[in-house]
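What follows is chain A paired twice: with chain B in the first complex and chain C in the second.
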Partner chain A sequence: MISSLSFINQKGEILIYRVYKDDISRNEITQFCAKMIATKENKEFPIINIDQTSFIHISIKDIIILATTKTDVNVAMVLEFLYQLSKICKSYFQGNLDENCIKKSFVLIYEILDEVLDYGIPQIADPNLLQKFIQEGGVQQETTINIEKLRQLTFTLTGVVSWRPIGLYYEKNELYLDIIESVNLLISAKDTVLRAEVVGSIELKSKLTGMPECQIGMNDKLLMGKQQKQTKQTIGISIDDMKFHPCVRLPKFDKDRTITFIPPDGHCQLISYRISENINIPFKVNVFYSEIIDNKLEIRLKIKSIYDNNIYGTNVLVKVPVPKNTVNAITATALGKARYEVEEQSVIWRIKKFQGDFETSLRCEINLGTTNKDQVWSKPPLKMEFQIPMFTASGLRVRFLKVMEKAGYKTNKWIRYLTKGGEYLHRL
Partner chain B sequence: MLFELPDKIGKAFGNGTLSIQSSKNNKLAELINSKYTEDIVEAIRMLYCQYLQNKDLTLYMSRIINLLPREDLELKKLCQILISEFAAQPNARTSKSQGDVLILATAPIFKDLTNQNTSIKLNALKTLSSLRIQELTPMLFTAIRKIQSDKNPLVRRSVALSILKMHDMCSDDVQPDDYNDIINFLLKDTHQTRLYAIYVIFKITGDLQILHKYYFQLIKDLLNFNSFDLERALQLLYQYSVMYFKEGDKDLIKLLDACEILLRLPYPSIVLAISKIYLQFPQETRIKKLIRTVVKFLNIGSESKFIILQMLHQFALSYPQYLKEHYRALTILQIEKLYCKLLKLEILSLLIDENNFNNILEELLYQARSNQPQLVAVAVKLLSKTTIKFPKFIKRTIKSLLDILKTGSSDTKNHVIASFCNLISTQESKLPLLAICLQNIEDISDIRYKATVIKLLRLEIGQIPTIVAESLRKLSLTFSQQHENVKYEILLLSHQLQAINQEQHIELLNQYIMTLAKFDSSLLVRDLYRTLSKSIEFKESFVQEEENVAPSLEMQKLPIGSLSHLVGMHLPGLNLPSYLNEDTSDKRKVEIQVPPQKVEQSQQQQQQQQQQPKSQKQQQQTQQVENKKEILKRVEEDVKKHYQNLDQVLNDFFTD
Partner chain C sequence: MAYFGNNPQRGELQELYADLNDLNFEKKKEAVKKVIAYMTVGKDVSDLFQSVIKCLEFNDIEMKKLIYLYIVNYSRQKPDDAIMVIQNFRKDVRKSENPLVRALAIRTFGCLRVPKLNEYLIEPLKDCIQDDDPYVRKTAVLCVPKVYEVSPEICPPLLELLQKLLEKESNALVLANLIQSMREIEVVSGKQIIILNQKIIQKLLLAVDECIEWGQIFILDYLATYNPQDSKQAEIIIERTLPRLSHINPTVTFCAVKVILKYLDFLDNGDLVKNLCKKVAPSLISLLSWNQPEVQYTILRNISLILQKFPILFENDVKVFFCSFNEPYYIKYEKLDIMVRICDSKNFGQVLNELLIYLNEADPHFVRKTIKSIGKIAITYDKALDKAVSILVEFAKNIQQPTEPVQELLIQMQLIYKKNKQMYKHEESLKIIYSIIDYANEPESKSACAWIVGEFGEFIPKSVEKMKEYIDNFQMEDRLVQLQLLTSAVQLYLKYPSQCSILIQQLITSAKDSFNPDVRDRTYIYWRLLSTDPEIVKNLVCFNSGTFSNFSKDLRLWETQDLVLALENMGNISNLFHKLPHQLYKNIKIKVNNQQEVKIYKGDEKPESQVKEQQDENQQNIQKEQQQQQDIDLLNFDDPPVNNNNNNNKSNKTDVFELI
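Moving on, here comes the complex of A and B:
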């Protein structure tokens, strides 16, 4: 149980302080601020224990949200709650949460704190639902007076389908599904793959009437394996780790690997997954650093795209790190533009459109200034960013998407695929 | 220790428009007595500011209480929050006058409890239960009884919590008879209220007998809870399982199976709660799955990563065999926070074996070249540790360390030399490594390592007298600029060299160093000079750097993932009830024998086997040391006598 919550600024001054239990004193919080935040000592660690009091905090921009407790709690739960709280505050302040916002509407935050926690136990923590209880400028009069509406709200909160309110209506029923994957790749200086994984998520945006039940089918190896005998389709991919939004019926998935759910209204992350086997790595990179003379460095870079040639990669950006004492860089490339950027300490090569199955190269001549030789260049890794629409590095495909509702209306469904470069690194 | 500090709370608001200077106080009084709601709300805002600045609000309390019966919802709510915050202040709890003010507030709030609007009812209940007025508790329980069957589940849930609040805040006046019937009523409610009721019982009594009846129901409900309630339910089930289950119980397996499904939820807190249960009743397959799930959370961007890594660290210590296959997921990324990098390195070094040695070594070497000094220190230290563990790869490691030595910064060089020193003590052929250290001795900025190198040189003096002489000559050139510890070592080296090699030039060198020591600024050096000049052979004290034993026994007892484990101390709330050996139901008497885990046994055997050659080596080493000791014993006695005499002389001198 959380004993107190505070919002603190960078100087260690407390903006909001709300106490939930009697076991904590103001003095302890002040001391923590003076010792830890103002001096920036140990600020990196999210959990600090001083004299039996545990201080658990997160930083959001220039604000630190601090929870204290004296008992043994589930720290991950407290951290989750703090992030959720920041999300709630952001939803009230148009996506911002900074010192000015808090100073301006601190009374509103007090109201929020009163709703989200009771005696240190998290209560309502869904920004959408909470916004129906409290609105900017105070408690929303209309909803609270309309008792019938409020009853619906509270039943939603405490019921089994707590994520979806009853009685939704849309003229056009639409369902959007985005499969977004980011490729994390780490290649050592000797060109061995140290780490290769795809972290993907299926984002859902629903505008559906009533209480529809949806079902998604993917080319999941385990599911396909079961059906293969009947349909003789190709073998799917193996998805090792999947995490689901609470709306997904987990026992059903465990039983027959079908994903059924009643979608929350609006946007949510339905599934997140991680795949580390048989990944289609979209780009192959080769780098050569060679010192021509003492103050001159030559970098040659070769990139090859390894996806179908009817697919295009967009916004490809390659960050080639150069030493600190670089004076200027002469670049030569056939595709895109490359130039030396001082703030980034790297040559940045931008390619707007990169066709599949295509190879291109970059040659840079770096002029170095004279420098103290003791400072050795630490050679940060080469970084790559990209976006490839209609391509999934894992090979995941949605085979079907069904919406079932009593009313039997027609739904417009949209499915998009996108692969992004996550931590796409090549050590030098 | 805590000490008084100027109260900074609310200081950020400065002395601007919301300050409470005397002139402003008039404005506040004017606003709070105004007819218009907007003015009053503004006044309440000001009062919140005063509260933040730790100002006494007693003066305004009666006016705020008068505002409670108003229809305006926002105003009502703000007043209620302010009253409950006022009640929470330590002054309000101790001072009678402030407590009396709060009694005034009860009448309008009691009235609100009968309001039709759920929101008003809820807030009234929250405020009433946080007033901490002992005299009111019987009345409050009567009022709660009236609303316990409220149509709204949110209110019923709040009823359960308010019982806990009152019990904690006025424990003397609350008797079990007061609330038992209410709790029993709530237990028959929907899943969420039932959970709250069970939770309250557990918090008040510390017992979970009630769960005998609701155990299966709670497991069934697990999937219907939101993440925070689910965490609470799992916490209760964990406590229950510790109290009433033995490993392999049929009913326990149902809980473990239910948890397995929950591992697919995207919340680290749930996985943490489940891991507690799994580790209490370890089963090979389940632990494997758990580790897999925990590894999945490594991509998390929030501070929870720290907890995840701490868990993995513990897993790497207790179940390295299952974590090894995931070692690639632990590769360090540049953008990660330093503490994550350090923890990852530690974990990787624990997972190292002959199959993944190359990759992990490469990772360690890469991090050793980083520009973060702390990371370099840890990486180099782990490198030497792993080399000692895997002597097969020593050449490769030494080569890589040499590369780092050539290119690294001065801090890095210090760490590399330190790890070389560590390596020297474990190797049979010490000279090549010692030569490297000697080559770089000028670059070592850390005095500890410099002194250690000289000490190591002293130990090998018999084998390489000419090299020692040459090094000593070089060191003597910069003698006066060295730190006293280094001077101390140089002095000893020179003395020892002279003892075994009495050529003229060595004697001259020794004389030169002795002269420098005689007039040195450091007392320690001068003292040593005096002892040596009386040609008493000096016994050096061997202080070997103790290796950090990773987790202490205390640490291992604490459940992984709990806050107590993270901060390394036993926090209240973790007091695990001792095992109750009574069987709670006839069904649970059926015992399933779980076969003992082979893997753990073999590990123990391996450890024992590893310990045997170690102990042999240790014996050899101790013999050598004992031999040396015997020789030095006589000298030591001489020194003792010398000092005893000195003590006596001094004593006599002062007593006279």
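Moving on, here comes the complex of A and C:
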């Protein structure tokens, strides 16, 4: 499988280098690093094969994590593993992974590398679990002495519910659910919808005692059709595809579409889903570019929000692309602020609060410089960003969330909905 | 503590040596850390071996881990010193109550890779394989391939133990690692180690539900290489694999897709096949929009294979492959490639409309590839010709510089004219193309221009002057351009004999002494022919349009008989490079596909065999004119056309000789 792992900085220096198999030399890595540095653009493909050696890498900010192998391994697995490794490292460094952290805690990283791969074969890569037996400094001494605890640990590690330790206790049992949807929209210049898609995730944060059995139900059309007790107000939606956290019992879902699980302690992404039918597009945009005279361009923009008027969109941002030779822009709008930002090559219109069922407009007059007129302007699409709390573009709702534990405690549950702009694009 | 110090000077090593032998524990630990730091930056600290391993006597697990790391790194340089550590390992394995320590010891022991030490390892390893603790068992199981790699001769008893464990193990994680480690041994030895029976398969399927994500991948990956005995078994395995389509780890999902697609071939029930396809497609589409571009890329690279064997999965779904503005270019390239492959006589309009947008992109390479794709679609589908030419002509109108896309545009227009000469009338394309002809600066595009001037001499104003311009620079041109110029000039001469006679003289004079035999030969042939019978030359050089047949066959990337094998390796490195494993790795044996017929899954019909159809097509092809074959090659997407052109010229030549 994986022959070696290295962490490389931007200058192509090896920060961490761990060999798992004998078939790779440090020299080969150094040569690869030189090559990486020579072609800095990320045009460089994630996988390169040089004389039967494959170099597979991902970049996390300035750090490149590189795996090498000489056998015909599953690339997707290696890449996914590298991503998880970066997550593990981040979990130790408070969400950061940079050269300083690595240099300072290289001993820790070696310990992690020792545990996550054995003979190049991926092993335990769950940050929460690893923290149980790889800890910084001297904290671990306490656990290593108690043999009984250790037994429990190894059984958890290798057991069926490997994501949750035994014997958790909380004074208050609490459960938070966040439903976050991002809308990917592509509208052609002729105003037809080329693609409308919602990619959503259900994030779970739990503080629960013991080993609770949970069940969550959404307004999933397929599930509700089965239950036959449909009332008018609960019309199901159709979900194209769902992907679950390992804690969800997949065979059960496959059999009758019920989602049951024992949650991991703390935060996790429970479900990610994709919906492409009946998307409620939150904003309708009309945009006109017209050249008044030679060096002047007029842009008129109209935005209408198409959600209920008792909810508000926040942090709405519209990026209106303008030509490269723009000198300045005069903007006029009734709502929010708009100005030309050179580094973005666009007029950025920011609206803090955007009520539902409301229409507003922007007018810009762009003064163009005379230089470089022959160069054709490759019009990038207009982009929108926004956040709408208490709204789901797909119409998804959580209908119930049950928690069952033999202690029979009461659980406080909170739920939040949010829709964000993903790749929300209008071609011009 | 300095991490990136300079070379450890003699003095520094001595200092470390002193610290390592210090009585103070903290000082020792710091020194060990320093040693590891030097090791990381690639400095040689092997001289400290003895002092470092002495520190093992402390029962500190962090230090133990560091020292083990050090030992693993240098054990082969100092095999004699490494022997001293063995007692430590054996003590840990036998005596320690801490399962983590036992596992750590056996893991490190396996990493020593010193043949003469391995015999000491066998006994403790046997113990660990039978340990009560699953964590230790799992670690021990992974130790076997390590030993096998270095000393296979002492391994038979271990392999026996593994097979026994395979039959009785109940822990899912151990089982998954067991399968993976036995597969590693299979790769090294080239022999089959895993012996399956019904019960074991049953157990593996159960384990998929219970173990961590990587374990699921190991098992699914393995199942993809297995051939079920009958339709019933295939059905059971598919049924147990289906739930994995909903796993959050994209690789688990992808492996599940692989297993299901592979086993479809073994199913008797056609309706079931259709249903399964409906379940697989949405999962696959989710993977295509995965938020890690690298993962997305690997999936995209495998799509051409799926497209070829399972066109049903992406019916009416060309939109999935539309490029997004902010995507990295390596993803855009893949999507573009797939869009051309997925394009057919129904959806070409949709695809062309999308490609039109990409012509505005900033990256010239990408625009170039887009133009190539448009040309490809135009030539493949007769109906698409008009629209494609309109798009290209519109693009040509805005050209003001000799950019890279312009070169491709000229090349593609030449091919389109070859396919259908009448296209020159469409939207005055010839006039517009002729207006940008001076922007050609690559051999291929220049030769395309020369061809256009020769072929359309009568429709172009001042074509003779243009040709003179070219011929004046004849010596400077690439061989490819020279060859085309010869043919085109002769063509033009036949159209305007009086105006061109001086020109042709000039050309022959400068070409007959060329160092390149191809150019020289062609010059002489034309010369002789022109002086004997110009009519023959006319038959020879004037191109008959409309001889192109349908190119759709070219869009297939894989040989049909390779599809089954390729599917087994979906997601692997070899597949990423569109090759079979043995084509990429020298040490892998060629696996023979013993399935007679390769099933292709199309939309409306039931799965049918295409092998026969394909054979017929092949036969027809052989019968077709050679010239045509050459032209098809010329259009091949990925091959550098220069070589193909060469062939083309050669074949022209042989024809000529026959004539003489």
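Please note the rule applied: the second predicted complex is superposed on the first by the 411 of 428 C-alpha atoms of A that agree within 3 Å, B and C clash if a C-alpha of one lies under 4 Å from a C-alpha of the other, contacts with A are read in each partner's own complex, and residues count from 1 in each chain.
Assume a residue touches a chain if its C-beta (ideal position, glycine included) is under 8 Å from a C-beta of that chain, and two chains touch if they have at least 3 such contacts.
These numbers were taken from a predicted model, which means no experiment stands behind them.
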{"item": "Simultaneous placement of chain C and chain B on chain A, clash or fit", "value": "clash"}
{"item": "Contacts of A:Cys89 with chain B and chain C, given as first, second, both or neither", "value": "neither"}
{"item": "Partner chain(s) touched by A:Ala34 [first = chain B, second = chain C, both, neither]", "value": "first"}
{"item": "Contacts of A:Pro380 with chain B and chain C, given as first, second, both or neither", "value": "both"}
{"item": "First, second, both or neither for A:Asn49, with chain B first and chain C second", "value": "both"}
{"item": "Touching partner for A:Phe253 - first (chain B), second (chain C), both, neither", "value": "both"}
{"item": "Touched partner set for A:Val347, first chain B, second chain C, both or neither", "value": "neither"}
{"item": "Chain A residues contacted in one complex by chain B, in the other by chain C", "value": "14-17, 19, 21-22, 26, 45-47, 49, 52, 54, 58, 69, 71-77, 79-81, 83, 103, 106-107, 110-111, 114, 118-119, 121-122, 125, 133, 144, 147, 150-151, 154-155, 157-160, 162, 184, 186, 194-195, 197, 199, 240-246, 250-251, 253-254, 269, 272, 274, 374, 376, 378-381, 423, 425, 427"}
{"item": "Chain A to chain B touching residues, read off their complex", "value": "9, 11-19, 21-22, 25-31, 33-34, 44-47, 49, 51-52, 54, 58, 69-77, 79-81, 83, 99, 103, 106-107, 110-111, 114, 118-119, 121-122, 125, 133, 137-139, 141, 144-145, 147, 150-151, 154-155, 157-160, 162, 184, 186, 188-190, 192, 194-195, 197, 199, 240-246, 250-251, 253-254, 269, 272, 274, 276, 374-376, 378-381, 423, 425, 427"}
{"item": "Of chain B, residues touching chain A in the complex", "value": "1-13, 41, 44-45, 48, 52, 54, 73-74, 77-78, 81, 85, 88, 90, 93, 116-120, 123, 126, 130, 151-154, 157-158, 161, 164-165, 168-169, 190-193, 223-224, 226-228, 231-232, 235, 260-262, 264-269, 271-273, 292-293, 296, 299, 302-304, 306-307, 328-329, 331, 333-335, 337-339, 359, 362-363, 366, 369-371, 407-410, 561-564, 566-567, 569, 571-574"}
{"item": "Chain A-facing residues of chain C, complex", "value": "3-4, 33, 36-37, 40-42, 61-62, 65-66, 69, 73, 97-100, 107, 110, 113, 133-136, 138-139, 142-143, 145-146, 149, 171-174, 177, 180-181, 184, 187, 209-210, 212-214, 217-218, 221, 240, 242-244, 246-251, 253-255, 282-283, 285-286, 289, 292-295, 297-299, 319, 322, 324-326, 328-330, 357, 360-362, 398, 400-401, 569, 571-574, 576-577, 581, 584-586, 588"}
{"item": "In the complex with chain C, residue positions of chain A that touch it", "value": "1, 14-17, 19, 21-22, 26, 42-43, 45-47, 49, 52, 54, 58, 69, 71-77, 79-81, 83, 103-104, 106-107, 110-111, 114, 118-119, 121-126, 133, 140, 144, 147, 150-151, 153-155, 157-160, 162, 184, 186, 194-195, 197, 199, 240-246, 248, 250-251, 253-254, 269, 272, 274, 374, 376, 378-381, 423, 425, 427"}
